[in-house]
Every structure is written in C-alpha cells, then in structure tokens.
Amino acid sequence: MLMKKMVAAVAVAVSAMSALAACGDASSPAVPGAAKPSDDVLAQAPVAAAADILPGSTMEKIKQRGELIVGGSLDAPLLSQQNPATGQVEGFDADLGKALAKYIIGEPKVKIVNSASETREALLSNGTVDVVFQTYTITKERADQVAFAGPYYTSGLTIAVKKGTTGITKPEDLNGKKVLAGANTPAIPAIKKLAPQAEILTFGSDPECLQALKQDRGVAYVQDETLLIADAKKDPSIEIVTKPFTVDPYGIGLKHGDDQMKAFTNAWLKKIQDTGVWQKVWKNSIGTVVTGDAPQPPQIGSVPGS
Amino acid sequence: MSTTLFDEPGPRARRHIRVATVAGTLAAIALAVLAVRQFAANGQLDAARWQPYATWPMWRYLLTGLWSTALAAVVSAALAMAFGLVLALGRLSHQAWLRRPAAAYVEVVRTIPALLLVYVVLFALPRYGLDLPLFWKLVVPLSVSNAAAFAEIFRAGINSVERGQTEAGLAVGLTRGQAMRLVVLPQAARRVLPSIVSQSVGLLKDTSLGFVVSYAELLYSGKVLAAYNGLLIQTYVVVALIYLVVNASLSKLARVLESRPALYARRSARA
Amino acid sequence: MSLLPDATSLLLDGMSLLPDGVSLPSDGLLAYLPDLGQGLLVTLQLTAASFLGAAVLGVLVTALRVAPVRVLRALGTAYVETFQNLPLLVLLVLAIFGLPEIGIQGDIKLTVIVVIAVYEAAYIGEALRSGVNAVSKGQGEAARAIGLTFTQSMRHVILPQALRTVIQPLGNIFIATTMNTALAAAVSVVDLTGAANRVNLVEAQPIPIFVGAGAAYALIAAAAGFVTGRLERRLVILR
C-alpha cells in the first residue's frame, strides 16, 4: 500500500523531470575531439535503385519497416558515440550505419541497439538487429556464425604512455610492467601473447584507463590506435610510442547465410568508396584527429571470413 | 534508551563539548581546504571542467538516465516483491514439496552476487538462444536476486505475528488461506515496512549494474557522458550527487510515511 | 559490453593466453583452476579485510549515533545516510580516480578494501544500533545506577548484549560484503569474478565458468551462515 504511494510519488516526480527534459533546447556545447555532424555527408550518400531491393529480401523488409536496426555502441568516441546534447550517435561506424539506412530506405533512419561483444552473434541470428557496426573484427571462426560484408576499415592496437616515459618502444617492452587495458578488449590477449610477463590492469572504459595512466596505476595503455590518437589530442600529457602492432579488419556483421544482403551490402560499400562518401565520413570522424587524407579503404572480401 | 545512558551535560561538560566541537570543525575545515587546494592544483576545479554540468543538455541526458533507473527499479521491485511473497508463503507452507524448493531457492540465491547473475543473463543465456531485451537483462537478474531478500523479509514479518492471530482466525471459521490473507499478512506488512523500504533503496542502487549490461540508466549515462567529454571525475561526482539526493529523499519519505502505521502497530502491540 | 574492438577476435586468430608453444589440454577449463583459485583467494582476502574494517568502523558509527553530544549524533546519521544511499560502484570509481586528485593515492586493492569497509560500516552501524535499541532499558539504567560511565556501560553492558542479538543480521551483512567484493572486478582487481570473466573471455564457456564461480560464492556464504548459526545458538540470551 505504502509502497504503492511511494512509487506513485516517485513516478510523478520523475515524469515531471522528463517532461521538463523534453522541452529543453538542444544547443550543443563544443567538445574537442568529437565527431562532426554528418548531415552534409549523408546528403551525398547514394540510394539504391528500386531494382536492387529484391522482393522478399532482408533489404525489402528493412525498407518496409522504414528503419535500419543497428547493433552498436554508445560510448566509443569517433566511432559510435552518443552526443548527449542531441541524442544522436556520431562517428565513423554510426555514420556508415546511417548511410546504409539511406541506401536501403531513402532516409538515414537508424535505431541503435546497444550490444556487447559477447552478444552480437545472438542478436544477429535471432533477428534483433539487421546489421552490426561495432569494430567487429572479421575472423574465420566468427564467419561460421555470422556473415561479414567488408572489411570496411582496418585498425590496430598501439601503446600510449605518459609523456617522458622511457624504455617502451615496442610491445615486448611491456614485460614485467603494469599495463592498462579496457575490459573485454582485444588488448588483453594481445598483451598476453607479446608480453606474457606484463601485469594487466583492466578498467571498464577509456576515460578510466586514461585517468589510471595519468595517475601512474600503470606505465602503458594498450588500445585501438584511433582512440589513442583522439586521447592524445585531447590530453597533451600522454603520447603514443608505437605504430599499430596488430591488424584488425572490421566487417559489417549480417545474419549467417544471408547472401543476398551480403552482396547488397558489399555493392553499397563499393559505391560509397567510389563516390568518395566513405572518405568524407572518415574525414568527419576519425579524420578530425588523424591528420592527412583518408587512407585507402581495405579491399572488399580480402580477409578470410569476409 | 540512549538518553538513560548519560546525564544531561552540565555547564562544564557543555563548555568542553563546545570547545571540542569548534576544534573539530576547524580541523575538518582545514583538511577540506587542503583537499580542495590539491584538487584545484590538479586542475580538477577548472571552470572548463565543470562548465558542461552547468548546461541543460547534459542534465537532460542524466535525468533521462535517472528515469530509466527509476523504471528498472520499480519494475524489478514489483516483480521481486510478488515473487518474494510467493516464496515466503511457500517456505511457511505445511507441504514439504512447496517448502523445500522455496527454502532452497532463498538460501542459494541469497548467496550469489547479483553481478554474477547479470553475467549469466548477459553472456550465458544468449549462447542458448535466449537473448533478452536490454531492459530485461537488468531487471531479470535484479528481480531473481531481490526476490530471495524480499522472501526473507516477508517470512520474518509473518513469523512475527503472534500464533494466536492465525488461531483466532481459524476459530472464527476462516480457512488457512483466508486467515493468512485477512489477518496475518496485513499485520506482517506493516511490521516489515522499514525493511521493505531499505531493501528497495538497495535495489535502486543495484540498478547501477546497468553499467555492465549497457542499459542506459543513470550510471551508464554517466559512462557515455564521460566517454564523450572525458571528464571522468566531474561526471561521477555529479552522478553520485544525484543518487544521494534521490535515495535520501526516498528514505526520508519512507520514514515520514512509516511513522504513522509504526506508531499504530506499537500501540496495538502493547495493548 | 563496452567500447571498441573485441577480445575474442584475436584469440580466435589462433592466439592463446599462454606463451607460444604451450598448448592447452583439451579439458581447457581445468587448466585455469590455478587462476580461478588465485581469484578466490583475492575474494576471501577482500572479504575478510573489508569486513573486519567495517566491523571496527561500524562500532564507531554506532557509538556516534547514541553518543551524548548532538554534533556526534548528527555526524553518525550523516555517515549512515551518505553511504547507504550511494551505489558502491560509484564510490569505488570516485575513490580510485578521485582521491589521487586530492593527494591520496594508495594501492588499488587497498583502496577497494577501505571503500567496501566504509560502505558496509554504514550497514553494520544500523544493525548494531537496532541491537542497542533492543537491549532493554533497564540494562542501561542499571549500568548507570551502579556508577558506570557512558563508555563503560556501552562496553560492559550494552554492546555485549547488543552484539548477540545482531549476530544474524551481521551474518547477512558478511554475505553481502562477500558479494559486493565482486565489484572490485570493475576496477581492475582480479578477484573471483574478475578471474571468471577473463577465463570466459578466452574459453567462451560461460555456463560452467559462472556457475562454478557462483558455487564458490555460495560456499563462502554457507560457511558464514553455519558459523553465525553456531554462534547464535551458543550466545543467544533468551528473554
């Protein structure tokens, strides 16, 4: 009884707050290192010819639904990061998802389902999501459970240290040292392989790892190169000391055995690469921290499993 | 009872207390100033680092997270209480086939960390084809683990109602079920109210495990924010303050509401 | 769960957590028993140390809450209100990353122990206070009547009786402490949960791994329940 009253009171209070929230303005404070809005790029993104949307295909289903459901992240800066001011998800992966949605539907309408690296295969196979854009490394073993279009990007792990740290120039130098890594990231097995004597400390997010590095909880931080470049841009007290020492080709995860959708997605990828949309998306996201022109996109189908 | 343990302080004691209070306060202030100065020296007090939390969009984002927290907490609490009541009745049943499984459930689940249950729902079930929607990935493990706690609270409450109450109910011709529902449960509910409230506050805090399943509750919203603006410490300070204000008001509200029936229960118990 | 590339990819590429040339036996999971055992040890260590700390702090908090000085009582109430109303995970992250910014940086495991102790002390303080309140009024009056001071009557009369009535609640707090140490895994301590998670990352067999870890936690709790049950039967004062 009383619980009911309390719950009601809380519900009223909270809904009042969210009502307030709904009528706020969406002016976005400038944040360094954040990806740019993608509207201008998406305006140039192609739309598939009606004939390409085969009857009875996954593409037709998505088009009829009017929304592409993407498995992705909300907290991966430059790749797939939610902008709290607008609620939009921004970055390289997120924009490619929107471009694919536009190609199928005609409008960049996506719904991002937050997924974990452990659940992506299940999300795809039971149809919760249409595609996965989430730094999803193509492997032969995974290709037994899901189909991969792409690869659409290649990245790798590298090492960051506090400026002025000496004696770390290659992964093997991490032996016997305390090394920071994101929980459940490929950095953990990579460090164990290349520097088996390193003591690995894992934290749940990139800002935590970065703070730990600055507070000398560990001497080095192993993470995806793109992210570390962004971190080093934002925070001049850290520096990157190696070239990427792994090669991770990212693919677009699709339902296993859906060859139509795979061929369709690969055709789209080829098209956006040829028309320069891929390069512009890169320039708008990763290109805001990496200087120079967009790299050569990886050859579609070049990786075992793709 | 505490008042009988010491005499009302006399003039000298009062003076001592005043001196000690002033000295203690000064020492605390000095420590706080030192801490704040160090904090500022590390650049953590720079206006630029706090400015985002003076803007509405950031707050709107966090309050949306708070709303999700409330939703998850209310749904989990409702499920856990319903299931907990069933378990408590099962455990008090005269039928062994009801009593044993209920007791086993409570004793086992009570001792498994909620985080581990979250891991099972997150990592294990999808491999067997059961991939729950995000919301339920948080709510199911929380309900499962809190049901055991609520069951124990209800059982204690039911046991605290004098046997005579049930017997009187049976004597006036009620069935066992009716006596439980009409006589025992209303009294038990009143007595365990404080425990139910504190368990519910605990449950609200447990929704911060949404951090692990990436359900966009308050703490996870803080994580996304920190990834966006890189202001780890500031973000967590703000998130902590929100939890503190919400939970403290809940406890306060509970105490206010609780004072009346509790008084009533005590009076009727004495009579 | 979080950002960025995923770990399994590299493993699936044929890497192993072991140095090159060492291959796992086919019954893979058994090879990780030493790792899991190490994690269990850390969990036990965290639990024992933080519960001990929480017990000492909790007695202090209780003393504050029934103290003769109003400021001290307010302090005690503020302590309980603060730490009962914050999620432990938030406290852990704030302590580990925030404290160094005000010049206090300790070993992570030590920080975790202190934070859990401080957190659980609020609960122990509440349990003890209800125990103190359950000691009948006449006991306090009698203690004062024979001339004991506040501290003496607390130490020799009230607390010994209060402790007995709260053995069961304290046992429950001990179990909660055991389970709460699992959060240490979120801040880089490789306890039982952390070790299980890392093994799962490699072997991807969540059911046996997490059920095994769950069983270990349940065993600790069962042991605690057994001890408190015995203690209670031995010490209980029937009124």
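The letters A, B and C name the chains in turn, as written, and every chain counts its residues from 1.
One rule holds for everything that comes next: contacts are C-beta pairs under 8 Å (C-beta built on N, C-alpha and C of every residue); 3 or more make two chains touch, one makes a residue touch a chain.
These numbers were taken from a predicted model, which means no experiment stands behind them.
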- Item | Centroid comparison with chain B (C-alpha atoms), farthest chain | A
- Note on the structure: The chain pair with the larger count of contacting C-beta pairs, comparing B-C against A-C, is B-C
- Query: Between chain A and chain C, what's the gap in Å when you average each chain's C-alpha atoms?
  - Reply: 36
- Message: So the centre of each chain is just the mean of its C-alpha atoms; given that, what is the distance between chain B and chain C in Å?
- Response: 17
- chain A: which residues touch two or more other chains? 73, 75-77, 116, 118, 204-206, 208, 211
- Send over the residues of chain C in touch with two or more other chains. 1-3, 93, 97, 186, 197, 206
- So chain B residues touching two or more other chains come to 122-123, 127, 211, 213-214, 227, 232-233
- Item | chain B partner contacts - residues on chain A that touch it in the complex | 1-3, 5-7, 9-11, 14-15, 17-18, 20-21, 24-29, 31, 33-34, 73-77, 81-87, 113-116, 118-119, 121-123, 126, 128, 204-208, 210-211, 231, 234-235
- Over in the complex, which chain C residues touch chain A? Could you list them? 1-13, 15-20, 93, 97, 100, 105, 108, 186-188, 194, 197-198, 201-202, 206
- Message: Residue numbers of chain B touching chain A in their complex, please.
- Response: 51-52, 55-61, 63-64, 66-67, 70, 74, 77, 81, 122-123, 126-127, 129, 131, 133-134, 189, 193, 196-197, 200, 211, 213-216, 221, 223-233, 250, 253-254, 257-258, 261
- Mind listing the chain C positions that touch chain B in their complex? 1-3, 66, 68-69, 71, 81-82, 84-91, 93-94, 97-98, 101-103, 132-133, 135, 137, 140-141, 143-144, 150, 153-154, 158, 175, 178-180, 182-183, 185-186, 193, 196-197, 200, 204, 206-207, 210-211, 213-214, 217-218, 220-222, 225
- chain C partner, complex, touching residues on chain B are 1-2, 4-6, 9, 17, 20-21, 24, 34-36, 38-39, 42, 44, 107-108, 110-116, 119-120, 122-124, 127, 198, 201, 205-206, 208-209, 211-214, 219, 227, 232-233, 236-237, 239-240, 243-244, 247-248, 251
